[in-house]
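To start, I am sharing the structure in question, which I have written as structure tokens.
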Amino acid sequence: MLAGGCDIGSLTSKAVLMNRGRIVGAEIIKSKPEPGESAQEVMGRALAKGGYSFEDISFCVGTGYGREKIPFVQETVSEIACHARGARWLVPSARTVIDIGGQDCKAMRISIDGTMEKFITNDKCASGTGRFLEVMAEVLGVSLEELGNVSSSSKNPVVLASACTVWAQADVIRHLNENVPLADIAAGINNAMASRMAIIANNIGIEKDVCMTGGVAKNAAVVAALEKILGVRVKRIRKSDPQIAGAIGAALLAEEKISGGPQ
Amino acid sequence: MNNPFMDIARTLENKYIVQWKENGNAVIGYTCSYLPDEILYSMGILPFRMRGTGAGSTSIGDTYFGPFICSMPKCILQLAGEGSYGFLDGAVVIPGCDSMRRMDDCWRKAGGDIEGALPEFFHHLGVPHKAVDYSLTWFRQEIEEFVAAVEKHFSVKINEDRLRESVKTYNRGRKLLRELQELRNLKSSPVSGAESMAVILAGSAIPRDIFNSLLEEYLAELRLRKNPGTKKRILLAGSANDDVELLQLIEGDKAVVVADNICFGTRFHPDIVNEDADPVSALAEHYLFRSECPRMFGDYKKRYSILREKIDSAGVDGVILQNIRFCDLHGSENGLFERDLEKEGIPSMRLEREYGPMVETGRVKMRVDAFLERIG
Amino acid sequence: MIVAGCDIGSLTGKAVIMDRNGILSSAVIPVKGRPADCAEAVMARAMEEAGITGEDISFCVGTGYGRKNIPFADEEESEISCHARGAVWQNPGIRTIIDIGGQDSKAIKVDGSGTVLQYVYNDKCASGTGRFLEIIAGTLELSLDELGDVSARSEKVLNLSNQCVVFAETEIISLLNEGVYIPDIVQALHRAVAGRVAALARGIVVEPETTMTGGVARNIGMFRALESVLGCELACLERPQINGAVGAALFALERVSDSIKPGRA
Amino acid sequence: MRKETKEYNYDWMMWRIFEAASRVKDGSEKESRELLNYIPSFKAALEPMFSHGEVGTSYLRVVARYLDNIIHAKERGQKTAISTFCFSPAILYAMDVVPITLELLSVMGTILWKRGTSEYLEYCCEAGFTETSCSSQRGSLGAYLAGLGVDIDFVLCDSPGVCDTNANAFAFASTYLDKPFYQLNMPPNLTGERSREYHRADFRSMISFIEEQTGKKLDQDRLREILIEIEVQDEICDEIEELQRLKPNPAPVEYPLFIYATRFLFSGMKEGTVVLRNILDKVRENASLGISGIAGGEEKVRALFCYIDHYTTNFRMWDMLNDNGVAHLGGILSRQWDISSPLSLEKGDPEEGYGIRTGSLDEMIDSIAEINSRLPMIKSIRGPYDMPHMWLEDNLALARMYDADMIVYSGTPGCRNTWGMIKLFARDTEKQGYPTYIMYSDAFDDRVESWETTRDRFEEFLKVRRLV
């Protein structure tokens, strides 16, 4: 009785396999130009890991930008609903979920019974998206994970032109050229990111507990900066990789279908 | 069933305009719903509400406007620069908002650079931002100056009887539009938001008499339509929208936009103009005292109650509050609407978008779907 | 009397070595790490090609984003002045220069002596810059150099609505998802950038002859797109990419001839 | 907004800073240095003011006084009204209302604080206001929306039809805080009897609105005193403006800010007159010695600022001007249009400026209505661009009068108005032979373009256009 969740994002694709509330397979790959292709591959890999085949999936839910293009799903659901669902499973006490995707940034408020009360997505210029951090890390020549660690030793973080990714990048290059310590630049980047997220989080109104999903959740410095601005603790996700929260949510919805209605 | 309005909504120079011009009549474009169409129409001139749809880029627009400006006037200027508005004999710019007002300056400059980009007749109609006795006097004078300018340029004369006729014709159209809205309000509304949008757009783009008869036939057909009425009922509010595709994108197969509160929408002259009073005064009053646009500062409560009324009479499940980037007037009022609607338990979602060709549908679609799931 | 010009941009570093008779050698390398290292590397490459050493260079002018960090530069000049000087030297008829750089684009109006009369930078927001092209090329899994040829195969006109790089990227991803023909996307990309750049150029009123400098000028698709948006033919420079460095070298020549003038007198 | 920020009372905090600063110079040099250590983080921002001796300290004093009025208004039984910089506070003073001018507070915050006003800017967005709106209001409005300032009694603005984005901020505030709102609406054309009548009627109904709010009738004698004081201030400013035409310009680069800020804070009030007098004395002194006001002493370029200044932290714009020998000729903000001001005289159009008549109440109300309609943004930026007495016309006249070598535009991305016409403007001024530099930065928010970038680009312009 396998339930599948497949999240085809613009930058990465994720797949999760569940069996009676337990994750029995998960996979993340870089998205290919063709979403169907990404879906096949990422799900295929997830299955292979546990020695399963597509036949073993009794219900599969698709989500993400490419969701309409996934050949093997029975149903599609928006990533916002999936992320909320996944986050609740990862952090049952979560009432506010902040998700940083590759191309956008969402904040969701969930009621005690788990239904979505409200959500906001960042429509503004792209600073405040996962892509923003990627571009910056690239310029600094460090990996996304390093970006978090490097900044820890920062004494006085720079202030970045956070209005536009590419202009912020121009600033970063300037600071590099002026031999500003890498730590301070990195810290500046993380702060810019965090304050972007804080705006939309405060916009829907924070309810404790707060948790963060998406790849950026792995950047300790951003999370810390966000905590500082919001003045609340962000619950760390340990149960699994926060980046696959959307796929987990999809898989959970699939399980509901199998067992008929929410557990 | 064919919707005779779709083509009109999707093209600028529709076949009726071509006819109109062939008969040697003039067309005047305008930028904002505060212009009394009745007056021009009574003088045998077709008032055309300018749109920016169809602009493939804003290269010309960006030559004159700065970067932090709403893309709607940029697109309109683009089309003018590319000659798509060649059919206009005149244009009226109204200070609807800062971006629109500055189109006056930018268009004049573009006219200097690009042969034929600027219509021969070009007028600035200073509509006040408040509705009180002395601003009404001002507005009435503005209209008189406008009429004088039109009379002079097009060597026509305004005639009271024909003006009264024109007011009647437009009122007839208003009544029909109201009937359309009544159909949309039905539990099983037989008409989609996209179709209704097309109707309303056509209302600002073809001769009123033709519009009225087309709409009568269309309403008759609609009354025969059956519809299960199982879709989510949405109200669309916020910035001007002249793009049928946006409606189709929102509706998809799960939702129907049963009401709107947007410029180029049913906000377009809802109530009837007094046919007994002096026509010019009646029109001045009618147009100035309608306060649906946040350009009328300080009237939030009035606008909120108008919105609530529409929500109730259309039995709406959720409200989408959209605004074009850099449209601060609607953008921030949407913030207030959202706050107050949610307080009353009416699900609502703010959505900032780029005006122009709806190539980038991914983000909008994702938000709309999530919103529909939320209210479902 | 041998001089050098060194142009350290945000994407590539260029070096030119010249004497009064013209260019002796030049080099272009992608920027990696700190600009100083890039400057050393690209200059070394150029000197090797010319078969000379640092001692032979009597004066060097630096320009570009990293101009402040070129250890061996005797002086620095802004890209604007350098592109102006370089373009008019390459083609004396040039009066308007459009430079699509990595971080920003500029339109420059010059007189016959290569002196800047007026210039404008691109509007805030990066659409209309080389970086924009680069990011999107990455999304399409193409190299910058491929863009030109790919766009040549375009069949139908397509519009990109979004001006924000990252959102344009999203937009392009959804186009890819819809299986849109890639050359059409690239063509649309070129027209989008050209549109932005043209808007900027019109701001200073384009006068013939007009040319395009910077690495992007080698992208024929971009070149043609700009021509069609501006509605005029663009003069093609022989070496658009190193134009800035050429200009810098010319400034260097000027300095040395100034310094030896007293001797002549 | 950060939690800790929410713990500080906004205008009270601002008041404490200026209160302390305004006393620093009271004691001996040694005491002063001691005192400065109590406000270490503001040293850099305040030093430039101290460096201007009596001018600087008297300026600090009026700012402190202004803030003092705000935070003590309630206990003094006065009403408070948030208003815009382009609104003559005279009428409010005449009616015993304490004005809270958002843009002025934003300027102070931007200059003083390391992180600028970012927290308040962002709070506005958190409250549902658009991020694309003008930072000049958001930079302080955020504090009041968050309930960190004194209680507001009502909202007044005169920007509808002039700057809708500005007006929108006040309309939003009144709804969000649920406070009464009054707007003076400007017709697109300023001149002619029709406009005058409209503005009169509008101004009169505003007065009755204020009377309703305060429960006090307009005090004629008070109004007369204020109008007479405005005349005094105008005379002083007229002379300063005349002296700024000298080469070199005897006024230091900071003075334009001191002048317009003082007028926006205390138009028609003795407090303001003191500062303006000190400024005049210093400018006269420099003029008689024939020296430039620039710190370095050498005037290389004469720059006219066609809109606003750049208020980045610690007066760094003024440093930039001083370092490059750029004389600040002021701009529309530092000008006024009394009928006998140099600009009015130069343009010689009776419709250009305002005249003050203090006879009957009607005359006085007309005068103050006229003054209000001749404030910089209202007069120059109302539209469209080709109406008489508009932005371009005013600036070309000023550039000519003051023999400017260049024109500088600094604004905010939120300014639909100037960004809707700056390209046309720059084209025309360039055509007239004035190199025109457009700053793409935000005068109130370094995060749009870092100050370093702005400065580099500006200096590059000076060099490439061979101005230095």
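Going by the order they are written in, the chains are A, B, C and D; count residues from 1 in each one.
The rule we apply is simple: contacts are C-beta pairs under 8 Å (C-beta built on N, C-alpha and C of every residue); 3 or more make two chains touch, one makes a residue touch a chain.
Remember, predicted model here, so these are calculated numbers, not experimental data.
Highest inter-chain contact count (C-beta pairs) belongs to B-D.
Averaging C-alpha coordinates per chain places the centre of chain B 38 Å away from that of chain D. Chain A and chain D, compared by their mean Cα positions, are separated by 45 Å. A separation of 41 Å divides the Cα centre of chain C from that of chain D. Looking at chain A, residues 65, 103, 124, 163, 167, 170, 174 sit in touch with two or more other chains. In chain B, 63, 66-68, 325, 350, 362-363 are the positions where the chain touches two or more neighbouring chains simultaneously. For chain C, the set of residues that touch two or more other chains comprises 123-125, 167, 170, 173-174, 177, 203. Arrangement of the chains shown, judged by which pairs touch: all-to-all, with no pair of chains left without contact.
On the chain B side of its complex with chain A, the touching residues are 325, 342, 350-353, 362-363, 366-367, 369-370, 373-374. Across the interface of their complex, chain D is touched by residues 124, 159-163, 167, 170-171, 174, 192, 195, 198-199, 202-203, 228-231 of chain A.
Interface residues of chain B facing chain C in the complex, by the touch rule stated above, are 56-63, 66-68, 113, 354, 356-363.
By the touch rule above, chain A contacts chain B in their complex via residues 65, 77-81, 103-104, 116, 118-121, 123-124. Here chain A touches chain C in the complex through residues 10, 31, 33-35, 65-66, 69, 103, 125-126, 129, 131-132, 135, 141, 163-167, 169-170, 173-174, 176-179, going by the rule given at the top.
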